[in-house]
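Chains: A, B, C and D, in written order; residue numbering restarts at 1 for each.
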Amino acid sequence: MRFRFARLPMAFALFALVALAALPWLATPYMVDLTTKIMIMAIFALSLELLVGGTGLVSFGHAAYFGVAAYAAALLAPKYDAASLPLLFAIAVLAAGAYALVVGALVLRTRGIYFIMVTLAFAQMAYYIFHDTKVGGGSDGVYLNIKPELTILGWKPFNLDNGLHFYFFTLVLLAAVFVFLTLLLRSRFGCALAGIRVNETRMRAAGFPTYSYKLAAFVLAGMLAGVAGFLFAAKDGFVNPELLSWHQSGAVLLMVILGGAGRLHGAVVGAFALTLLQEAFASEAIFGSFAKHWQLLLGATIILAVALLPEGLTGVADEIRAWRLRRRDAGQSAGATDA
Amino acid sequence: MREVLLRATAISKTFGGLIAVDNVSLELRRGEIHALIGTNGAGKSTLINVLTGELRGANGRVELDGQDISAWPQHRRARAGLGRSYQRTNIFPGFTVFENCRLAAQAGHQRPWSLAQAAGRCAVSGGAAQRALRLAGLEGHEHRLAGIMAHGQQRQLEIAMCLATAPRVLLLDEPLAGMGAEETVRMLELLQGLQADHAILLVEHDMDAVFRVSSQVTVMVDGKVLASAAPEAIRANPAVQQAYLGGAQ
Amino acid sequence: MKTMKRRPGMVMAGLATGLLLAAGGAGAQGAKVKVGFMLPYTGTYAALGNAIENGFRLYVQEQGGKLGGRELEYFKVDDESEPAKATDNVNKLVKRDQVDVLVGTVHSGVALGMAKVARETKTLMINPNAGADAVTGAMCAPNIFRTSFSNWQPGYAMGKVMAEKGHKRAVTLTWKYAAGDESVGGFREGFEAGGGKVQKDLTVPFPNVEFQALLTEIASLKPDAVYVFFAGGGAVKFVKDYAAAGLNKTIPLYGAGFLTDGTLEAQGDAAQGLLTTLHYADGLTNAKEKTFRAGYMAAYKAEPDVYAMQGYDAGQLLGAGLAAVKGDVKNQAPLIAAMEKATIDSPRGPFTMSKAHNPVQDIYLRKVEGKQNKVVNVAIKGLADPARGCKM
Amino acid sequence: MDLATFLIQCLNAIQYGLLLFLVASGLTLIFGIMGVINLAHGSFYMMGAYFAYGLAPFVAAWFGESFVLTLVLGLALAVLIGYALEWAFFSFLYRREHLQQVLMTYGLILVFEELRSILAGNDVHGVNAPAWLAGSIPLSDLMTYPVYRLFISAVCVATGLVLYVVIRQTRLGMMIRAGASNREMVQSLGINIRLLYRIVFAAGVGLAALAGMIAAPVSTVYPNMGSQVLIICFVVVVIGGIGSIRGALVASLLVGIVDTFGKVLFPEGAGVVVYLLMAVILLWRPEGLFRSG
């Protein structure tokens, strides 16, 4: 575990931002739509990265907060009117945060693999509540038929029905979440989380209320997942219990690991990589009739990635840097003993 | 009489059926190094863990500055001025030496909500960390990774991290373990320098060191206090010689 | 290589752009009608997805590869029976491949996601299987058609049949999900209209297949009959468990047709004699059925099933529409009008479209004999779905 | 619920619990001793079920119909596959973080699922129970109990006993127990940890496949059957305490009871009860009922 949040991979972030901002002029509407979806998943993955890479808490039930926010948005929006965007957004995010607060307060008593499993248990409970009861339309799910609107004194700055507007709305939120988390992780709060990840006992002995810190991180991560969940509901207008399923929790965890846990941009890269790989492997244009065996290709690629890229896709550069640092340091300490 | 900073009264702690600490009382005064000796498994580390609140569910009363802190959680005790070091080096191996100390110092100045400022730019914790590193003799090593330093240096860092939290009471669990002769001397000098405005509990196996610096020695056997007196009196105590010093020689 | 290591993001973005261009740029505008299959090609329902596609392609082949004088171009997306991905997957067809017609799918949750997109983009959609009532109920739209059934239909028919057989008290059992609830709802309506009474509704969490506890519960309730809704692996296991528990000898079991469709080989003796209701059956004698069966056997070396038939009829329905507009698929209003008015000469027997675009069709009572669901009689003739919630 | 029904439900609960135990025991071994979060365990269960379906015709053609021989052959094959998989995919992973193993085993699920589709197709298949186990025993005036289900329970109990004896009485078992409680100690004792891991992994795969084969005649074989078993097995392992065979047994029975009575008594919340049980137990005992023993 290296301490490197202070060093922001600025170049990456700026390049990605410019590339994403330029995309709509280079790409087909479908690409824009797909990228919107990937950016939503990237926000989702970033929220989990705060827990996995930032705090060392591996949650296997993160889809619950995503789903709760999506359901909150779909269920609480008025049926025949456009909902107020800021209001619905706030409600969805707060709903996710509230559920994360309840779950977090309980599950943070456990550790390691047990933590992984209890988070899963609470997510499954939420899943079955939406799947088996009439709260959210059962297994068929519910719709959000009219997209929420932002009106400032009768003026509408943008219209989410327009795919391009939605794209930029998502991009702005993604950038905001990324910047927010970058600041957060290099702030004192973030450093305390990093300390907790590495050595919680020491942090407590130094005087940090580590439980409160972890709970704050857990709720924050839940709320950020809620941002993604809100966007998902608003984009497609279709919310289904499967959003809370363990497949979904697993998928977002995979994005974080594949991109490289411990690096913020890893979550973004992971979201793009996993979605695009699947897109590519399932595409008949590229793989012809073998495309129906896309799972085989995706599975094999994942296995190869684990074997060859232990630190994830974004870890390659860091590994080289760490190796150099170690070598330099080894030279230094050898020199010190000589003296 | 010097001012009592930490007073522990009738501390007991059991694990299942096993009594690890049995009705132990002791007082730590400002200006004093209080040595705690005893064989392995005598309950010394357990006692420290109870005093700092790392272990919960003990009987007895712990007072800091005359205030009952028995019900306080560990982090609150730490922030009230109770600092400790660990017997086994317990640092953040992937962080730099400076960051280790700075993070410890940050405990006294947490402000988790101030997101705009990078942690590394926090002047308060940075200054405290720098002072602690100087005291512990780690100046010049700030930017090395803690995990790949020599063992003795890691022990120094352990102390520096404890000092960085600006404690008034130091509970040091075998700080000299694994240190070379030169480093030991330096560490003892450091402790003697700190003595003036700290109360120090020193758990140690190095008897020479103990008798050199301490003004009070408590001997624990099987979780109980066997004797507690000035070093000369302990050296002369037949029960202690029988149970501990004799056995060792 | 060097830049790749330093800037993985750039590589990913580059890959993304390239990939998307490749995928999105394909398929220039031509005279072909673009048909998008959104069906499960992996996972639990993969076999169903293949059968539907085969059925559809068979009809088109029979027409010389053309409908309404136009050639067809096919696009395929694996929907994985994953509702969470439904709208993304349907967007691949609608936005990436810009298909004119959507054909799909099996899973009800996915179908509802599809219907949502189809409504919004006004893309013509033909649903060849998923029975969710809402597709031609609350979600109904001029451009959404179904060639299969609504969950309500077989359930309602079976309710009638069981009441006519003199059963007074019945217990229902299904997975706890929308399709099951709808089927049981239809059954209750039919059964209680015929003077029966549903004693208790039992459910199993989806997709749990441990039925033993509920079999015991059924035995202790001692109803006159049991109505169940299961499909696929769950159907096989339930029928076998029911027989193994000896209940088939004392409490007759009835079900919606999927209980015994595509599953008889696996169910073996346990299914013999079971009565189910569906819009299709083995042993139908109409002429279309014969040519369909022979054609399918010749093309795919396999017996067609109900899914293949529904796919085939999706082809017929589209063909009827396209014929009316001479293949001009963009001319939607007359196309839809023609599809609404069409009488489909289906292997199941002729059917028409209801106002909500669900088949008005005969529901058969079938009996399992060997590996076949032999038709016993027509349970209800020309049954139309009530299309509750449809404002069309 | 009258007494007779209650007793039958208890029998159902135990029977279901025992089957869960058989699948979960392999998972808890791999989990506890190697620290591998093996998401592919459900795939091994599915593999076993497809062995029971696919091998039977071969056995019938070469040796005459024999259920037992099919079992033995399938088990041997599964153990071999497990041994090879450990060598190929896991042996280089132990020094990495757990998360990497999650990723690896997820990749394996996809590969197995697709191989299954290519090799065995996507249809549902039934597997016949052997004739000598085909009968049933009357339980109440209406219900009978199939002999084959009793056979399943017997196999589960027998497997449990064998595991108990191996773990308590043999040198291998000593190493396994040591490995579950303290990995460093095993290494310092000079035990060949790599070989131990390989054996444990192969045994875990074998147990999952055995469960799949035994269950096949009642569960039938169908695509994705593994993923349904997987999560419930994780629940069992975590409730029981990771690495504890005894814990897995107790937890399986608990889950069996809760699931069985949950379905009957609270049909609305039947899906939730098992997870509720897990959450409650972990909040009460954060390391499960029996920590590695």
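Everything that follows uses one rule, which is that a residue touches a chain if its C-beta (ideal position, glycine included) is under 8 Å from a C-beta of that chain, and two chains touch if they have at least 3 such contacts.
As the structure is a computational prediction, the values presented were derived from the model and not from experiment.
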item: Chain centroid nearest the full-protein CA centroid; value: A
item: Pair of chains joined by more contacts [C-beta pairs], A-C or A-B; value: A-C
item: Between subunit B and subunit A, distance of the C-alpha-averaged centres to the nearest whole Å; value: 41
item: Distance from subunit D to subunit B - Cα centre to Cα centre, in angstrom; value: 49
item: Mean-CA-position distance for subunit D and subunit C (Å); value: 34
item: Multi-partner residues of subunit D (at least 2 other chains); value: 113-114, 117, 270-271
item: Residue list for subunit B, restricted to those that touch at least two other chains; value: none
item: Junction residues of subunit A - those touching two or more other chains; value: 128, 131-132, 295
item: Category of the chain touch graph - line, ring, star, complete, other; value: other
item: Contacting chain pairs - touch in the sense defined above; value: A-B, A-C, A-D, C-D
item: Residues of subunit A that touch subunit B when the two form their complex; value: 1-3, 6, 180, 183-184, 186-192, 194-195, 198-199, 201-210, 213, 216, 325-326, 329-330, 332-333, 337
item: Subunit C residues touching subunit A - in the complex, by the definition given at the top; value: 5-10, 12-13, 15-17, 19-26, 41-42, 75-78, 82-84, 86-88, 91-92, 95-96, 108-109, 112-113, 116-117, 120, 132, 134, 176-179, 181, 205-206
item: Subunit D partner contacts - residues on subunit C that touch it in the complex; value: 42-44, 46-47, 50, 176, 201-210, 212-217, 219-220, 222, 232-233, 236-237, 240-241, 244-247, 250-251, 262-263, 265-268
item: Parts of subunit D lying in touch with subunit A, wherever the complex brings them together; value: 31, 37, 39, 89, 92-93, 96-100, 102-104, 106-111, 113-115, 117-118, 231, 234-235, 238, 242, 268-272, 275-276, 278-279, 282-283, 286-288
item: Subunit A residues touching subunit D - in the complex, by the definition given at the top; value: 52, 58, 106, 109-111, 113-114, 116-118, 120-122, 124-125, 127-129, 131-133, 246, 250, 253-254, 257-258, 261, 293, 295-296, 298-303, 305-307, 310
